[in-house]
Every structure is written in structure tokens, then in C-alpha cells.
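These are the structures, in C-alpha cells.
Below, subunit A partners subunit B and then partners subunit C, in two separate complexes.
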Partner chain A sequence: MQKITREQLLEKACALLASGEVSCVLGWGAGEFGYDVTPTVFKTAEELKEGFVFGDFCGVNFSKYLVSKTQKLEGKILVFLKPCDTYSFNQLLTEHRFDREKVYAVGIPCEGMADIAKVKAIAGEGIVSIEAKGEKLLVTTLYEDAPVEIDAKDVLAERCVNCKSKKHVAYDELLGEEGDVLDSARFDEVARLEAMTPDERFAFWQNELSKCIRCNACRDACPACTCEKCVFDNPNSGVENKSPANSFEEKMFHIIRAFHVAGRCTDCGECSRVCPQNIPLHLLNRKFIKDINEFYGEYQAGAEVGARAPLVNYTTEDLEPGEVFDRRGENA
Partner chain B sequence: MQRVGVFVCWCGSNIAGTVDVQAVSEALKNEPGVVYSANYQYMCSQAGQEMIKAAVKEHRLTGIVVCSCSPRMHEATFRKTAAAAGLNPYMVEIANIREQCSWVHKDMMTGTEKAIILGKAAIAKVNLNAPLTPGESPVTKRALVIGGGIAGIQTALDIADAGFPVDIVEKQPTIGGKMAQLDKTFPTLDCAACILTPKMVDVAQNEKIRIFSYSEVTDVHGFVGNFDVKIKKKARYVKEDICTGCGACVEKCPMKKVPNEFNLGMDNRHAIYIPFAQAVPKVATIDPNACNMLKNGKCGVCAKVCAAGAIDYKQKDEIIEEKYGAIVVATGFNPISMDKFDEFAYSQSKDVITSLEFERLTNAAGPSAGKLLRPSDGKHPHTIVFVQCVGSRCAACAEKGKEYCSKICCMYTAKHAMLTRDKYPDTEVYVFYIDARTPGKNFDEFYRRAVEEYGVKYIKGMVGKVVPEGDKLKVQASDLIANKQLHIDADLVVLAAAIEPDKSARPLATMLTASMDTNDFFTEAHPKLRPVESPTAGVFLSGACQGPKDIPETVSQAGAAASKVIGLLAKDKLTGNPCVASSNELMCNGCSTCERVCPYGAITYIDKEFRMPDRTTKIRRVAVVNPAVCQGCGACTVACPSGAMDLNGFKNSQIMAEVDAICK
Partner chain C sequence: MLKCSLDKLQALFAKIAENAKLYLPIDNSDGTASYGEWSEGTAWSNALNTTKSPKDFFFPQTEDLMKFKTEGKNIEVIDVRRECEDFVIFGVRACDVKSFDILDRVFLTEPRDSYYAMKRAHGIIVSVACQKPAETCFCGTFGIDATEPAGDVTAWKSEDALYLRANTEKGSALLDKLADLLEEGSDEAVTAQKEKTKKILDKLPLKELTTDAFGGGKTKELFDDPAWDALSATCLGCGTCTFVCPTCQCYDIKDFNTGNGVVRYRCWDSCMYSEFTRMAHGNNRLTQKERFRQRFMHKLVYFPENNDGMFSCVGCGRCLAKCPISMNIVKVMKKIGGNKGE
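The block that comes next holds the complex of A and B.
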């Protein structure tokens, strides 16, 4: 269901490699399963032709990879960026996390990526292959004779259902057509949580976060989490490997992380995409974004390189802390 | 592990009255690291300090906790005590059990409990204290004064008098400022020029003082003792060092219709001009917006008549870079624009003027050669209405005027009224006022004389409307004491316009990272105890840039600012505060968040090479704090997403230890 094809991307990548404009390509590589796409560095056209894939499971946001890859690799890197990825790209540039000169960014349109969990919920386990056919996905499993036909719209990832923008905010070259910033309903779920009583909300998060296995995938995938030394890996921080007094204390990890990326999170949704336990982690970040919008005016991290985020800026119009307290209502 | 000594002070009965000091010193004895705990009547006394010194020796203490008054009071005292005993002075922590405890509690039980908790917190902190050594930085022994009015002139003269070189930067072609435009000065009525121009000449002749006139400060970097400043010397198209100020060029210049700024546009000057006879430097300046030669290359008369050959139509703006140890801001004030005060018909009638225009009108060097004549028809005005507080004390009309009192208007209006009655006794003079505010030496006597001896009609109330009708100005006003409406046919209306800081002050404050209030007046470091220092180290305030001031106040503040500058420049080295931020470069991402929140511009970035565990090297951008500029506010430590920034003496771990101790 993607409008742009693997062949188009391949052609662009090979041409740029051949012209010497770039020395390698950061792209999606085939994983163990069809839906299990892995970020890969390709250095030759042959490698690309063999291993490069593109389809409905290419959700990976490459922006973060540029931090380490631009340091390690010689020459310019070609990177494919979906609209939502470009926000992370800009945010990292704002924070001087990589050298823009070492990147050739190609913006590609995105029709929304599929969520494998949703596919499995419909088609069942034992998926052998998934083939896109128009607006449908044909899922072949070990247990069914005929492929299961699924409407691609039904298995869109949550972040794509509530897509915030089809417009690229950064690129060197754009493939396909440019889209617009969208009016998404992405804060509806946050509003639903806000309407809960404190006890209900505590129970909700207790339930969700208790699934956490502390695999650190959310942190490792998050484009805002690029600290040289993460506080959770730092023996001097006092929170590294702290043995939890109760099950919830360990889950403070997610709340601390949400505070850490507050004002810098672009709402790219990688945290929830990579979570093996399907915890809706993006809701924590969205609560911060919603609050920042309401308290300090609309702000989209990464929309503009060098923008001053409200949390690290001071204006005389800033809300007084007391006012924040008053506005939070009974359910805060 | 530290060996901590705890010393609980009674402060007479100030603390001991509500805190059981014996119980406090007993309770703190068993805290981690504490090897000695005692209490004494007055810890800050000589005997108390000796007790601390003796305990350091006897118990081999490495850290000291004094439970006493606010650290603002005696932290310095006890640091000196520690230093005298051979300890690093920053190994002392104060638990404030007076202001934060005994003075706010009435009950002995609660007071004692809280004192113990505060003591525990201080002990927890001192356990993590590390010796700190303040850095030193050299001092450039040269001062910069920005603004060449009476404030800047006096400051420069006083600094130069102490033997230090001073540069004055003045944006106008001459120094002198607003005072040069004034006629007489209250309350003694001596002529402004007579007392100002000798000072201007002193400045010109002083070998220690350089004047950069027609110049502006464009860039300031560095920190106290070591400022790097860029000054833009605007092209005046006249070679300053050659021009003799003879004025031949001015006489012959054919372009005669340029509004004269010095007389507030009430008469005209030439395209090449010397602002006034006593200008310093007495050098001609060509107005590029009016000069035909500069605009279209046709004329060149001034170059022909200049015997010295000083005219240079090709002159360019010049950037001068200089180092300074201290900067004095003396940017002064301006009357506010009367555009928003239509009710007084300022823009409709030439005979509605501001008080500063009235000064020029009565000045012998002014547009009417000192005769008080109406600007419209040159006739002698017989009825004059003075309106006070135009735009001052304007709480309800903040979008039009200013909330504050402009302070000088009551006195100069009394002066204007008195002088008018003195010179032209046939003139009726009305003054409308909200309050007559005349505190100051001989001020009230002066005002009383205007009312009682000179028969000036003071009416408490405001003018509502001025309507020009024929050659009269119909003034509608209310007399609040008689409780009636007044209608006066006036010949001249004089508005005491509020004063505001010069427009150049705001961008300058940004360059200096000096703070301002909402009215754009510079803020002082402490409103009472440090009135001439800005909160930014090395930046001082002189004159009306800090708040409305009359001349005597300005001169005394200028002297005070100069003495602070002299005190700074007299030092060879400056000792910094060691409680400044520092960045752990192994953790720093170089993300620039700290740089953005730093109010002092103390943080810069460098590309630094790091050896990686795999023996390769990696170049990373990391933050570096300049300890001489950092004021230790801690904003960066909170903003840093990586936790790389920390504040020496107030490390996050120390604060957390205090919180833990309190919550235990």
C-alpha cells in the first residue's frame, strides 16, 4: 500500500552511490521474517540489490542511527526519511548530535506502516510471508491453506492512525509528493486518561508498566535518548541497577525517561513500536506534549532547527506554576 | 569518610529560647561521620571561633557543621575560621536554625525537632563536600563608560582621576547629553551650560580619557576584568584629528533646512554641523541623509572652504576593538513620545510643547535666543499652562504612559513657572498637578517660593483636554480642591512628559547580559545595598539608565559607580567564586541546552578529542564553563538532559543527600 516502491528507492540509492555523492546507504534490510525489518548499512549497489527491502513494515526511524554512523563512517550517508522521521532529524540537529554535512537525506512519502501485532491478532501465529496487494495484505501462515486477506487500513500502527504530519520538515531531495501537517486525534487517548480518577489512572499505568521487562528497547530506539552516558547506565547516578522496593518503583524508569525527553520528544512513536510487551509508552510523552501546548502555546519539537523549546526558554507570558496547579482540575 | 564536627549556637536566647540546643547537639552526635558535637552561647564570638579551631585540632576534623543563623549572616565568618584552622573554607556547612527555625516556631518541641532535621541535612551534605579553590583572573586596567551625558562624564572624570584610563562612547556627535540642552538647574538656578561645559572641557583635556563620539557599542564579550568590546565609530565624513572646529564649512553649507536635533527641531541646522558652540569634541559632522554631496555627488562646498582639509566624503564606519576591565552604563533617558496624548493637542498645535522644548525656548542659545516666544507666531505668551505627570504615574493607562513617577518633573516645572514669572511678571502661570513631590535638599523651599513669592497658580487636578481655537489654546481642566471645572484660554501649554530609558538600553542590556526591569531601566544588584552595581559582575550603573534621577543624584551615583570601578581596577587579580557550574565532558552531549538557559553567557562549546575504549579517537562537541563568568545560578544543571552539568559546592548528589536526610 506504499505509493513509493522498493525499485524507485533502489534506483535512487544506486544512482547516488554511482555518482559518488554518497558513500553508503542507511536503509531497511531483510530480517529473519518478512515483517522483521532491520536497519542496515549498504556500501555497494550489489549489497543493496540483494538485501534492501521496502514495504509496510519499514517503520524504523533512522534519525538516531545518524548520531553513531556519521562518526564511524567515511563520506556522506544516504538516509531515507519518512515525514515523521524528519522531525527527529531536525531535533537531533538542534542538539548538535550529528554533522548535517555528512548526511544526504531523501524524503520519502509514507502511507502509514503496519503493526505486526495487529496482523497477528487477525491472521494468527506462524506467519510465513506477507504480501502487499493494493489496499490489502495477503498473509500466508503455516496453518492456513489459503493466504488470509487483511485490509491494510485495519492493521495500521497507532502512530500512523493518528499521523501528525505527512509533510517533511527536512530533506536534501524529495521523492514523490509532499504532504501536509495533519490535524490528528493523537491527544484523544491522553484526554481519556486525564479524565480518569487518580486511582483509576494509577491502576491503568500499574497494569501497563508491570508488563515491562526492562529490555531497554524503548530507550535504545528513542531518537531523543542519545545521552553519551544514560543515567540508568551510570553508577554515579544513584538509580542504576537500583533494586526496586516494589514492582512499581522499577517502572519509574519510564516516568524518568518521559521527563528526560520532555520538550524534545517529537512524538515519533518508536518507543511503542519497539516495545515487545506492547506498552503504550507514547502516551506518557504525549501527555507532556499536550501540557506544553496548553501551557506555553503550540510547540512541535523538531519542526524547525534551532527552535527554542518552551521548557528551556523564558518569556514573561509563561504560565505561573500556581496557574498550572489551578488548571489541572480534580483529576490531576 | 569525613570527620565532622557539629557546633550548635544558642545565639543568646534567639535560638536557645525555642530550640533545646543541648538536645540538638546530643542528637546530632550519632549522625554518620560526626566525631564531635558541642553547643555554645555565641558561636560567632571570638571564644566560639576558638572553640571550633581547637576542636579541629583535637578531633582531627575534616568537615564542620555550624547550626546557627542564616549563611548570609555568618557563613563567611565560619569559612574564615575553618581556613584559620587549616581546613578548606568550603568544608563548612551552615544549618540555619534561627531564621528557618527558632524565629518561626513558638513551641520548643517542634523547634527542636526541626533543628535536628536541619542539622542532619547539613551533615549529610558536608559528608559529600570536597575542597574547592577559587580561580583567579587578571584585570584589564581600563574602563568603558557607555553614554557621555553628565552621568558618563562624571564617572569618567572620577575614574581618570584615580589614574585609570577610561573610554567614553557617545552616540551623538558631542558629549553633554540632556544636561547640555537644559537652561537653568534647580534649585539653585545656575545655568546648566556654565556648570557642565567646564566638565566637558576637563574630559577633552584629560590624558586618561578618550572620547568615541558618534559611536556605538556593537558587541560585548568576556567577563568581569576581561571584557572584549567592539565599538562602531560611525563615519562623520570629517577627519576628527584635523578638523579645528572653525565652523567655516557650516557657514557655507547650502543645505540649511535640516531640523536641528539639539533644539528639538524648533529651528534648522546645516547638513554639516556642530551641534552647539561648546560641543566636545568640537568637530563638524556631515549628516549623510541631508548632504547633497553624499547623496548624489553634487556640491562639495565644505571640502573647498575647509582650510585644514578635514573633509573626507569617502570615510567609512570603523570598528574599534578594545579590552576593558569594567563597564559603566550611563545611557540616560528621553522624554516619551507625545503621539499617544492627543487630548493635549501636541501634534495639532505648535504652541503645545514639552518641558524640554521649553528649556530650549528659554535658553540664550536656543531657537528664540532666550526670549520666551510662541513657536507658532513668535508672540509673547501671556497665559501659560503647565501640565504635570503627562504619561507619568499612569497606572490606568499603561499602554500610553508609564506607571512610575518621573521624579524630576515637579521640580523643573516649578523652575519653569518661577523663571517665567520672574522674567515676565505680566504672564499668568498655571500648574496642574496630581501631587507636588519635592523631597530633596532645598527642593520644597524652592517650590514654596514659586507658589508664595512668584505667584504661580498651582491647581491640584488634571487637564482633560486642550483645543486649539484661533490663536488660543482652550484648556479644560478640573480643580479637585475647589471641585469645579476650569476653562482657561492659554497662549502656551507645556507638557511635563514622562521620561523613559534611552532606546539603545535594551539591546545594550542583552549584549552585557545585564538585567532590566519591565520599564527597561537597568536593575541594580541590590536595591539598597548595591545600588550602582548591576547583577552582572563588572557592569556598573550610572545615572538615569537605572531610574529617573535629577542632576545632583546622577552626579553622586556617577561618583559611586566610579569608586566601584576604581576598587575593581585597583586589583591585579580577581578571585572568583568556586561554587560555579562545571561540565563532566565524558557525559556531555554538546546539545546546547545549557548554553541557551545560561543568563550570563558563561558556556561555550569546544570540539574535543576523546580516546575510545577500542583505541580509536572520536571528536565530540562538549560544553565548557568559564568559571569567571559563571555566577553559580544552577540553571544549566537543571536543564542538562544528560546530567553532565553540576554545580560545585551544590552538587546534585549533595542536594539529594540533604533531601534524603530530611525525609528519613
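The block that comes next holds the complex of A and C.
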């Protein structure tokens, strides 16, 4: 499914390590079953040859790791960035969250990543290995004698079905062909929620957010959540909590987080990918993005470094709060 | 061996629910399953396991311990403990049943935890043998037989019937109440099913995983293993692994200010969190590597050291399925344990 191969990336990584341009590589490490890929710091060509993989399950966005890794690791870090990852990369640079000089970014094309839950829904449980073959995935399970052949496009992750851009907005070097910003249907689900009555919408979010187990994976994976000490971890904040104390408190956590990343969220989709309870958290962020687009004109966080985001900028054309309220009438 | 035909399953559930609250795995709309209370028509999920383990029944994620009410200069201490009624947890897998033994070691050794003990005394566990283990399963590594789960009652589900065997007095008492719906069943159907499942267990990809390199007394050997650096390098420090784990049992006690008093409650804590076991002098584990190492050393070395060799992992595979970066106890055991064998 992916047009760029593991071998091409491996060759590039080994060459950059050998020349001394970079001292380590942030890449994808092999798992046990073909889909359980672990982001890994590789320091030598031998480590890369043994453990580096690339394929349809390499959805992890490495950009956030640069915040801590550029501080901890010596020398330059080679990072592979898919198009959507480059938006997070730029947004972090805009917020001065890592030293650009310590990173060598290689843009790589992406054909969309697979969602293992969708693979299981088709191929069944007990997946022991997955092999890409052209546009197909060959899935070997404990329960089928022969590998189950599925179309890679049928198991694309939601964020890839609604891919917003195949264009890289940041890199030192690009492998493969450059793509374009795409028209996507990513706001359709938000529009569906907007069309609900307030009670229906409340019930929807009540149901979803009540599943939260407060593991903080959404926050910890989010490239826009880079506070060194999150207010929810700070015992002196008065709102620090390790558990969903009640349903109000739980909604507060997610809604405050969505507000905090509003205008900075690039819609990379990591929050929903990592949620162990399958809460569609990205919809909260997309609601803000859609509103910002409608109120202030199209804006894509991370499209360029140093952009004045609408929520931190003032222009005389800015709409007044009253106009926002009018827009939705009773459903506002 | 008793049996209940599957078309009488709802009647069986109804009968159980006449005398006690009945909880069982129920399908969610997103393809996952969680434990929920049975009511008329609630279907029993076919899922191998629930996202969260059943430890919540005995050790809930949040639980009030006591309340304080202030009036003028008086403080009234209110005991919120109440005698709880019997409840039945139906459909518990072998791994999760074993996790209760591990939790018992923590909460029922002196000083006993009365909150846990109360619920444990009133909980009746009906386990069910696995038929379709997943690639992430490795309960065999910890000596658990997925075809022969423990519990007050053990159940095996065949094509047309549910076979039931009481293992304890509590279990016999439960089955006695259900006698109208049960008939004598032969062991043969169960034996045949167990054989079939065992063939799959033999094919599991993690079948060869062993605990040989771990156990009490290994602290010195394993603590400074250089592999911890690489293993923990990309850990996000979220609490997913600890919160889906059936054996993680660490908690924090906190006071919630109600305005005219205090509710003292406990909630699950995670050794992955930066504020975990924070002390007056600050934190004793300052880096994610130390926190990460603590979790696995606890399960594989410290716990067995203090509990007659009992590991505090049951191989349920939840952390394998749910960790955002797919780092987990299997990868740790292969890397750290593997080094020792060479």
C-alpha cells in the first residue's frame, strides 16, 4: 500500500548516520504481530537493520517527541515525517517548542495508514502477521487456514479516509513525490452533530465522555499539549485529578483540553487513535477548526511557521461575539 | 457437571438476577465490550475480553472512604461503609479470575482493606473458559489454563449449551438456586471443547514466552540493565497500561472539599504519572525511564519476591492491545529476559 519502502528509508537513514549528519533516528520499531509498531530511537545502522520497519501501521506522529528528544539527545535527530506530521512539526516550531537546528526532517509520502480495529472487523481476531502486497493486505490469523486478503483502502483509519493534505509543509529533504492539499469530508461528522438539538448533542457527548478512564493518553500523545507541567498534573492547581471524580469533571477535562488546543490543533488525529475507549475526541477539535474557518476565514494550523493564528490575532474585521450567537439561533 | 441449554440463557440470567445483581460483558456500539448490569434482554457479549478488567467490582476506579462534616468547631467523621449485597460477575476469563488472587494478596493481607474485603466477600464469580484466544494472550506464561478457569462456578459454552460446575460453597449455593433450569450434562462435550481450544493455545505466537529470567531476588541483576533506556525511550507516560491492567492496584487517597466538609476518596493511580508517590522531599522517580522500570520490576520481580513467587501479571494482553505506542510487558520480557539467556 505504501509507495515508499522500508528499504528506501533504511538506506537514507543509514547514509545520514554514516555521514555523521545525524546521530540518531526516530523511526518505527518492529512489533510481534505486524501491526504493533513502536516508535523507537535507533542509534546505529545495525539497530536499524534489525528493528526498523515501515508500512501501513506506522501512524505515530513523531513531531511531539522532538520536544523532549532534542533536549536529551546529542547531535541531530533524523525524523521521518508524513504529510500530516509536518503540520504538527511547524506548529511546534511556531510555538518555539524545539530547536530546528537539532533536527533533520525527511518528508515521506503517505498513502494512508490502516486501523487495526477495522482489519480485525474484516479478517477476524487472532492476527499473527500482516503483509502488504500491492493494494492488498494479507492477514494471517489463528483461525483461518490461509491468509485473509483485504483491500488496504477498506481499513484506512478515519483520519486517513478524511486526509486533509498529502503536501509536506516542512522538511529538509523529501523522498518521493510531493502531494497536494486535499478537499476532505472531515467536517461532515461535525456538521451532523451541529444539526442535532442541544439535548441530542449533550446525550452524544455524555455517552462518549462517560467512557473516559482518565488515562491521559490523548493529552500525552497530542502534539499541541506540550506544557511541561499540565494543570491537571499539578497538585497545587486545585483541579488536579487522577480519576474522573464525576461526570461533570470528566467533561471538563476534555472540553478544557479542546479549548486549550483550539487554533493550534492541526487535526493530526492522534488523540482518537490512542484512546483506549474509542472516544472520537478529534470531533471536539474539528468543531473548533470548523468554527474558526467560518468565523475568520480558512485557517490551517501548522501550514506555515510563525503564522498569526486567528485566535491570537486582532483585525478590525473580526466578528463580534453577538454575531457568533446569532449564527446558530436557538441551537447556539 | 450441569448444563443449561443456550436458548434458556436469558431465563438463567433472569433467575440469577432475582437474588443478586448480575454483571456480565456487554457489547458496546464501537465493537468493544465492557462489564455492565444485566437487565431483561441484555445479551452476553461474545468478545474475548472487556477493555477494562473486572477489578472495578472489588477495587473501583474511585471510591469514597469516609466523610468529614464540620459544624462550628466540631468535626463529624462519617463512616460511608455499608454492608453490600451479593452480586454475580458472569463470564470472567481465566486470566481475570487469577487477577483476583493477586489483588487478594495486596488487599486481604493484614492490615486488611475492609472496603475491598466487603465486596470480595459478596461477589460470586462465574468464570467462562476461552474458546478463541487472541494473539495477544499469554496467560500460559503464568501457569493459567484458559480452558479451566477458577472462580466460584466454572462455565464452558458449547454450540448449544452452557456447562456449569461449582467449585466453591458460594458456587454450589448459586447453582442450587438455578436448579430448575439445569440438567445433568456429560463431561465429554466439555473435554472435547477443551481439547479444541488447547490446539489453538498451542499455536499462540507468545506461547514460548517464559518467566525464567524473572522472579524474586533478581533486582540486582535486572535493575541496571542497559535495555531499560531504549525500552522506555518513547513511553508517553500515560496511564493506559495501568488502568486496563487487571492486577495494577496502586491508588491515591485524596480529599475533596465539599464546602462544609470533606469527602475522602481513593482513586486508581499510575506509576507512569509524574506525581505518583510524591513525597515531602519531592518525587522518588524523576524520569520516565525510572517510572517505566518500576512498573515492570514490580510485576516481575518485587511482587513475586514478596508473594511467594507469584507474578503480578496474568497475560490477559490488554496492555498489548491498548498501549498507544505498542510497548508492553511482552516486549520488556523478551528484551530484558532474552539478554539473560544468551
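Methods note: the second predicted complex is superposed on the first by the 325 of 332 C-alpha atoms of A that agree within 3 Å, B and C clash if a C-alpha of one lies under 4 Å from a C-alpha of the other, contacts with A are read in each partner's own complex, and residues count from 1 in each chain.
Just so it is clear, a contact is a pair of C-beta atoms (placed from the backbone, for glycine too) under 8 Å apart; a residue touches a chain by one contact, two chains touch by 3 or more.
These numbers were taken from a predicted model, which means no experiment stands behind them.
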Evaluate whether subunit B and subunit C can sit on subunit A together after superposition, giving fit or clash.
fit
See if subunit A has more residues touched by subunit B or by subunit C, and give me that chain.
C
Let me test your reading of the model: by the given contact rule, A:F295 touches which partner, first (subunit B), second (subunit C), both or neither?
neither
Would you sort A:P235 into first (subunit B), second (subunit C), both or neither based on which partner it touches?
second
Does the superposition put A:R264 against subunit B (first), subunit C (second), both, or neither?
first
Between subunit B (first) and subunit C (second), which does A:I213 come into contact with in this model arrangement: first, second, both, or neither?
second
A:F204 in the overlay: touching subunit B, subunit C, both, or neither? Say first, second, both or neither.
neither
Subunit B and subunit C, minimum CA distance [Å, superposed model]
5
Contacts of subunit A common to subunit B and subunit C in the A-superposed view 229
Please name which positions on subunit B make contact with subunit A in the complex.
518, 586-593, 596-597, 605, 618, 620-621, 639, 641-644, 653, 656
Under the definition above, what is the set of subunit A residues touching subunit C in their complex?
31-33, 36-41, 60, 65, 117, 121, 125-128, 141-143, 211, 213-217, 219-221, 229, 233, 235, 240-245, 273-274, 276-278
What residues of subunit C sit close enough to touch subunit A in their complex?
28, 30-32, 48, 51-52, 61-62, 132-136, 200, 203-206, 230, 233-234, 236-240, 242-244, 252, 254, 256, 265, 267-270, 273-275, 278, 320, 322, 324-327, 330-331
Of all residues in subunit A, which touch subunit B in the complex?
71, 94-97, 226-229, 231, 234, 236-238, 260-261, 264, 308, 312-313, 316
